[in-house]
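Okay, so here's the structure we're looking at.
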Amino acid sequence: MACKACTPRLAPAAPRSTFRALLLTLPIAVWSLLMFFHPGVNTDPKSRIAATVTAVFMTVLFFMMMRTGKTYRWRRYFFVTLGFLFPVGFIYNLILVRGTMGIPIEEMIAGRTPFCFLPIPLLILPAALTKTIIFPGSITASRYAIAGMMGLWLAITLVLGKGWCAYACFFGGIEEGMAAVPKRARIRKIDPRLRYLPWAVLLATMLLSLALFDSVYCTWLCPFKAVTEYVTARSTIGIIQNGVFILLFAALVVVLPLLTKKRTQCSFLCPFGAFQSIFNKISAFEVKIDRTRCKSCGVCQNACPNFSLSKESIAQGETLLSCMKCGACVDACPHQAAVWHIKGTELAWKPERARLMFLYAAWAAAVMFGGSIIAQGLVTILHFLA
Amino acid sequence: MVIFAVFGEALTLGLVSGPACMAACGPVLVPSLLSEQTGFRRHLRFLSAFLGARLLGYLLFAAVAWEIGALVSMPLGSRVLLMGAVNVLLACVLFWYAYSARQICGSSCSSSKLVKIGTTKESRVAGAAVLGFLTGFSLCPPFVAAGVRAAELGSVTQALLFFIFFFVGTSVWFVPFIGISCVARNQAVITVARMAMALIALYYLFLGIAMLMGRKAYGL
Amino acid sequence: MTMRAKLGYTAAALTMLAALLTPFLLIGSFAKGFAALGLHVDEMYSGGPKLRTVQNGTYSITIHKPVSPHMFQSGKPFVQLDWSPASALPQHVSDVVDVDGDGQPDIRVVFDVPRNPKAPLRVNVESLNPRYDAMQNAGKDKFSRLIARVDNAILVRVPLANQ
């Protein structure tokens, strides 16, 4: 039974000694140095400062994860920072290069539209049937062209699976930040069937994108066009489209997370998130519920930011396919019943080992990808401050 | 021999146009098949009802258009208006179908009948047939191309036969849809299918209204 | 330890290895693999492959292969012509172009080239062959019907008439 009065509390921590925590953090510190300071990168002063700050930031967060034995809070600091700094760097770059956030038609023709991960599932059917990519980019013109970005996405997905939504997505941090602001949720009762919506959006947009040969999610539904780039409206329909983006951003990314303390865009709209959930099937890592310890208090269900726990799934000792391995339920469970787990191993046998192995992989990916985006955002801020 | 060549042409045109027909019907067919129970025979019945009614839509349109000489000469504006009206109607049927599918999988998912739209008081129509009939009116480019060719034939009977062979050619591409019968059904799958249907209906509604107002709803 | 547990730990270790190899090997390999699939960007955006180039004094006109819409794309079929280099174009361009290479003129394209590269462009296209649609004072109307400056070239897309 879900405990309506319960606010998720952090489980009794299993802190490590500072020395042990430092030792465990060492590989991440070395990795951060490698990522940010290998020869040829970050040579100018501003980039060096940004890289140093980011490397220290990521290393300190990992240290705190090791020291406190908790994951969610420290991961959230990284994720929210990523969500807010990505638009800073991205928009600044757009203004610098073409003077506007709107995508001019010339840029689309020239194949210079930066590739975004969100329409990936929509590209599959048209590409499979006609070998055509329905995105105005270029395949190989640069490292950030479609081939490069698809390579990046596939590599990170192999490591993280659905964990992309907690450790890589540069959009999710905005709503996670909004969800963290209020102390209590104003709206607590949410129809659990709404969590099927992203799958319905995925199915509908995949089919419509094939029929119309246009990335329908990008054309009609993407709320993040409000903070990145959008096709300049050339008609009434274009104005309506841009209005829809702004409305969806305001509702799902700002207002509803403030009211519900949940990641509502991810939970109720994002088809890419639904698509990434499929990769949880092949991931070695998962979160499970130890039924011998679980008291069915529902604290984990309340803590989960994207509705990946239900009464039925808890009764079966599982999280749902949409679990993004953020660690919120593990940290919140007062009975240590929610545990990190490696598939095939005995449940609740050395869960900390499973957590460590997962976090090394996830944080390495986070430093490489999200860290570079954070550094870019910091460079932009330094540019304005200087 | 000439007549066989013409119908061979119709079959070939249908085979070549098949992917476009699949893409056009996919948004309607896939969610509605998913909202049905599993079972090869059930899906075969659904697909047969859908395709049969789609053929009826083709033939009815072809007969009327041939008689009034409109297959070749229907102006673009009139065509857009007709498509707009069909899209609005299709959207309404999809919404109604999504609502009706709720009754099939209340708690036990045990109904053996195809989803029907309407209540027990009114005459209930197989949703598959209505959806197929409306998609047959979609006036997609392959259909228009077949219409133009059929209009060149000597009689309305030949035109109808041309459409039948064209339809058979396109229908080959619908066989893979039977594979959807293998997807396991549970509350989650059927809920997703109904939600997808409603979203697609919303899109068709917007598209239809935009067409009726003479505006383009999407596109390059 | 059971075999399943060993396999689980192996998969977990491989995931960690994949994380380490991501920036050094995996991204590049997957990118090359994707590029090798032979996919291409929708020609409604890219304008289609180049067919031939016609030299015209200090500049040339590149004619692309006609592009047809896929599935139910709403755009019309079109053919793209590139005038380049834009810096070598006269202030007023009026060219008769044989698009299909049959030796007969197909369209006359008329546009002014403003000094300011960011100034809006307008084009008139007179159809000398019923296969091509005429255009009056067209700007960046839609992908199948436009004039635009892209890098050092001026692109004109002429819609093909309804077949």
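The first chain written gets the first letter, and so on, giving A, B and C; residue counts start at 1 in each chain.
By our rule, a contact is a pair of C-beta atoms (placed from the backbone, for glycine too) under 8 Å apart; a residue touches a chain by one contact, two chains touch by 3 or more.
Because the structure is predicted, anything quoted here is derived from the model rather than measured.
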{"item": "Among all chain pairs, the one with the most C-beta contacts", "value": "A-C"}
{"item": "Farthest chain relative to chain A (centres taken as mean CA coordinates)", "value": "B"}
{"item": "Geometric centre: closest chain by C-alpha means", "value": "A"}
{"item": "Centre-of-Cα separation between chain B and chain A, whole angstrom", "value": "39"}
{"item": "Chain centre separation (chain A, chain C; CA means) in Å", "value": "33"}
{"item": "Sites on chain C at which at least two other chains make contact", "value": "44-45, 69, 71-74, 142-143"}
{"item": "For chain B, residues that touch 2 or more chains besides their own", "value": "19, 23-24, 216, 218-220"}
{"item": "Junction residues of chain A - those touching two or more other chains", "value": "130, 210-212, 214"}
{"item": "Chain A-facing residues of chain B, complex", "value": "19, 23-24, 26-27, 30-31, 34, 188, 191-196, 198-200, 203, 210, 215-220"}
{"item": "Residues of chain A touching chain C in the complex", "value": "31, 35, 105-106, 108-111, 126-127, 130-140, 146-148, 150-152, 154-156, 158-159, 210-214, 234, 283-285, 342-346, 354, 357-358, 360-362, 364-365, 368"}
{"item": "Chain B partner contacts - residues on chain C that touch it in the complex", "value": "44-45, 69, 71-75, 142-144, 162"}
{"item": "Residues of chain A defined as touching chain B within the complex", "value": "129-130, 193, 196-197, 199-201, 203-204, 207-208, 210-212, 214, 216, 219-220, 235-237"}
{"item": "Partner chain C, residues of chain B touching it in the complex", "value": "19-20, 23-24, 76, 140-141, 216, 218-220"}
